[in-house]
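Heads up, the next two complexes both have chain A, just with different partners, chain B and then chain C.
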Partner chain A sequence: MVPELELERIFRAVMNLDADRPVEGIVRGEFPAWDSLRHAELILRIQDRLGIAFRGAEIIRIDSYAKLRSLIEARMSARRGDPGDP
Partner chain B sequence: MRIGLESLGDVVDPSTGRTTPAGELRSRILRRRDEYLAAGLRPGDRVLLRHGNSPRFLIDLLAVWSAEGCAAPADPALPAPEFEAVLKETGCSFVSSGDAIRFIGRVDCGSADARLLLLTSGTSGRPKAILHSFQGLQSRFRAWGSRIKAGDLSETLCFLPTHFGHGLLANCLFPLLQGARLHVVPPFDFNLLATLDQYVDRHSITFMSSVPSAWNLITRFAESPRQGSLKRIHCASAPFPADLWKVVERWGGDAAFVNCYGLTEVASWVASTEGCPGARDTGCVGRAWDAQFEIREGEVWVRADSLMLGYHGRPELTARVVRDGWLNTGDLGRIDAEGRIFLTGRTGTLINKAGMKISPEEVEAVMKGHPAVSEVCVFGLPDPLSGETVAAAVVFAGSVPAPHFEDLEAWCRERISPFKVPTRWFGLDALPKTSNGKPDRRSLVNRFKEEGRHGSGT
Partner chain C sequence: MSVHSPLFWLLFVPFLLLYRHHAARAGRGSQLWVLGFSALYLCFRSPWTLAAILLSGAAVFRGALHIESLPEGSTARRRWAGALILLCLGVLIGSRVPSAWSMLGASFFVFQLIAYVVDVAGGEIRAERGFPDYISSISCFVYLTAGPIVRLPQLLPQLRSPAPADYGSSAEAVFRIVNGLAKKTVADLLSSPVNGYFAQVGAQGAQGSFQAWTALLALGAQYYADFSGYTDIALGIGGLLGLRLSENFRTPYFAGSVLEHWKRSHISLSYWAHDYLFIPLCLGRWARGIRIPAPLKMATSLTVTLVFIGLWHGFGMNHLAWGVFNATLILMTHQLRRLAWPGWARSRIVEVAVTFYLILLGRVFLRTSGPGEVWATWKELHAFRSGPAADRGVALEFGLVVLALVIPHLLDQLFLSRRRLFQGRWFGWAIALVLLTFSLVFSMPGRAFLYEGF
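Right after this comes the complex of A and B.
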């Protein structure tokens, strides 16, 4: 499955979101269901399913779906060796 | 009997970086005590403390004790309906959020010796309010102090909730009253756990205790501390997986790793694996720690000087679980010839999520209040992070549109502690029943333990 679609699937499953609920604007501090345990589960599932290892400092910075998606995209680009990516 | 403040240590607030030295701590406790007395607090009055995990909370609790009151720490995240229920259940006359002290009416509780009230989930759906005397608490602190060197506690970190026996008694008050410098942070802060090595190294932490799910997270995400400051790390409150043992030991370096067993009813740890051969064996919680254990018909009973005074307002329940000074722990187990205690299961239905006990009946009682819910059964499912998580199988009434599970979850969050809210949902046409007509939790667990987060089950 395309990583972005898989990410959204994981996010919806962990946060118990309905299929028609937009994810792009979800921010951790504003979404009560996104607590510490769910944040940990989210990180673990992404690591296991997408093979991405997060560093401690990165985990702290993930506070929205948008930031999470950007981080994953950057990692995937780097893995593919796309020019100009970190 | 009064609590002695002479040997208090310092308290560090990591959110501000400020250390409150012991002398200032004592002054602030006594000032707060005077505020309680001015508000009308009398000996034996109970104070619900609606905050936690901060220096201000510790000052508040010790002030209540200095005024000879009874402190009742409550989960600060309780939504209003549950908070009101807790207030009724605990017989509190005052509520404190750390600043204002609110008198809500004098309640004659009849337990003049009670100095601490801790809430835990009950199997009938009502929380149990456990009462402890200073005498009982001091006996437990003395027991721990006889085995744990003061130096090992010199820089203690607590990231467990302070409304929880393990966190408050073992990881906060015991070290603080022994003169430790105590760092107290918000509970289960994943950002902290993921970078715990940095905090440990920066502050030369020597001691901390937590639950297996937190150790699982820490060892997966945080690097090992490098400075070698850790002297002792403990774990308790939930079964400890044997395969995690080596991982935690490796993470902790030269620190002694000790698995403990305890209950709120006996003021936390009453057994430990310290110096116990075969401690990593599945289910082993070590040997008695200033306590006595017996097995009666497969159930674990314990006797200790730190036994609770009883459950507030529940004399019949107290009489059922305490007999001649022995407490029925609710655990199944055995004791081998060397005195090692092994736990093999639980007698009741309580869900153990990351060390916190949750009553399915309590959650069901709330959910049955939803207009779209016809029947509901709440049960625990295995979870790789928290050990167990809360699941709900729901039969919707046909008379109103069935809500999305997301909306049902949000509805629950407005009524019960976030920790108790189900995270896995299943919609059914009918609940399976036992031969006496009750929902069959066991069959639901067997059916759904392999499934995803929610499903129709039809």
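Right after this comes the complex of A and C.
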């Protein structure tokens, strides 16, 4: 399971979002605050806090909060399935 | 034989008719037709570039196939990719050696090759099996002179199977070409106020703030008209051939921040630098091993990326400083927006005006030859004093420069937002006629594009 609250907390902090703004429907192309610097900052924080690394092409393809969440979900499932995965 | 020369069109029009006739009937082999015309174009313009494309292209072609045969994620794969990237960079650096050989637009095919190597090594795309198809993409004459930078997976399928010609898309392509020619004419006309002012920067005696602003606005207009003008011609030629590629400019002077400006100006280079330089530097495998605070990592990666883009414009301290200047502005904006309280009402007009002012200040780096000249120009701009030549002629020149800045932007905004108007409607043809007349009356033949040969 994704550490949902932690991911949402990181996302809100990076994007400077109000607490009452729902994050699930946020799409990068429609949300001007999500520029390339904030995108990089978001990935860096996820790497640091959740210990999840992405490949370059994956980073470029993340274009919505939902996609980010499902990518992390997939990565954590893979990690649980293979305990030897660094 | 540049794309705005009569010789080019004398050769291109018969080629286009044959190409369209062949592609429509046979439906295959169109990429070989483009390859043939590209070879002819390069023989006229720069045989060295043709040789460099064939040699480096062949090396990368074989290397990519070898990389694909190696296990994914292996060290050997990364080493081979690294070696091929070094080879590509060697070609790029070699092309910049003054008067050694005259190469044309090396960066535009080198960047395409680097992207291809990285994507194959990362398992994102499969290595190309057919050398003629592959080399037709690398050498495509449409984009070789001054971009935009295209990527193989984007271009190759279209070369193999170009979009059918129809009235609307052909009319749009013709409008783009005419618009590009008109912009090129505007850019050439603007060289007089730009060269006149910057030739005397740092010399004895101030020229006056009004003259400085006129020259700086003319410089901004000249850059946009020249570079986006070339892109318009390239995309128009591509459109006639059935190749539909993404825009390279989206009215950059209407941007509300420096970062947004970079996403609207020379878009293909910005995205290339973002994908293949900034992301690996900031978030790549090796970057993860470096234990420095995240903001510092981001700032360093961004600065290196923009310095690279600066050096792409020319090897000099001013180009390097221009990269640092832009990185500093972007990082400052990033921090300021973080500090802004939620719900803070921002004025788009103010943001656009401030961004335009900062971008113009940055352009001074690219037009002067040392920190002293940059400082002298900045000082003159903000001294608010009249120069010795303050008369009606100067005011008229200022007005014309403003028009040269505003009209192409407004027309491009209209084109991007109401494209249908230019797809064979009377309005589009009327504008095209006006632009063509303007080009024929005022064109200055023989002048190269500013970004030719980059």
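Here, the second predicted complex is superposed on the first by the 79 of 86 C-alpha atoms of A that agree within 3 Å, B and C clash if a C-alpha of one lies under 4 Å from a C-alpha of the other, contacts with A are read in each partner's own complex, and residues count from 1 in each chain.
As a convention for this text, a residue touches a chain if its C-beta (ideal position, glycine included) is under 8 Å from a C-beta of that chain, and two chains touch if they have at least 3 such contacts.
Not measured: the values here are computed from a predicted model.
Colleague: What is the contact status of A:Ala57 with respect to chain B (first) and chain C (second): first, second, both, or neither?
Modeller: both
Colleague: Which holds for A:Ser70: it touches chain B only (first), chain C only (second), both, or neither?
Modeller: neither
Colleague: In the superposed arrangement, which partner chain does A:Asp18 touch: chain B (first), chain C (second), both, or neither?
Modeller: In the superposition, A:Asp18 contacts both chain B and chain C.
Colleague: Show me the chain A residues, by the header's touch rule, that chain B contacts in one structure and chain C contacts in the other.
Modeller: Overlap of chain B and chain C footprints on chain A: residues 16, 18, 33, 35-38, 40-41, 43-44, 54, 56-57, 59-60.
Colleague: What residues on chain A touch chain B, complex-wise?
Modeller: 13-14, 16-18, 21, 32-33, 35-41, 43-44, 54, 56-57, 59-60
Colleague: Considering the complex alone, what residue numbers of chain C touch chain A?
Modeller: By the definition above, chain C touches chain A via 118-119, 122, 124, 259-260, 263, 274-275, 278-280, 282-285, 288, 294-295, 297-298, 301-302, 330-331, 334, 337-338, 340, 342.
Colleague: Note which residues of chain B are touching chain A in the complex, please.
Modeller: Interface residues on the chain B side: 188-191, 193-195, 197-198, 217, 220-223, 354, 384-386, 404-407, 409-410, 413, 418, 423, 425, 452-454.
Colleague: Please name which positions on chain A make contact with chain C in the complex.
Modeller: Residues in contact with chain C: 16, 18, 33, 35-38, 40-41, 43-45, 47-48, 53-57, 59-60.
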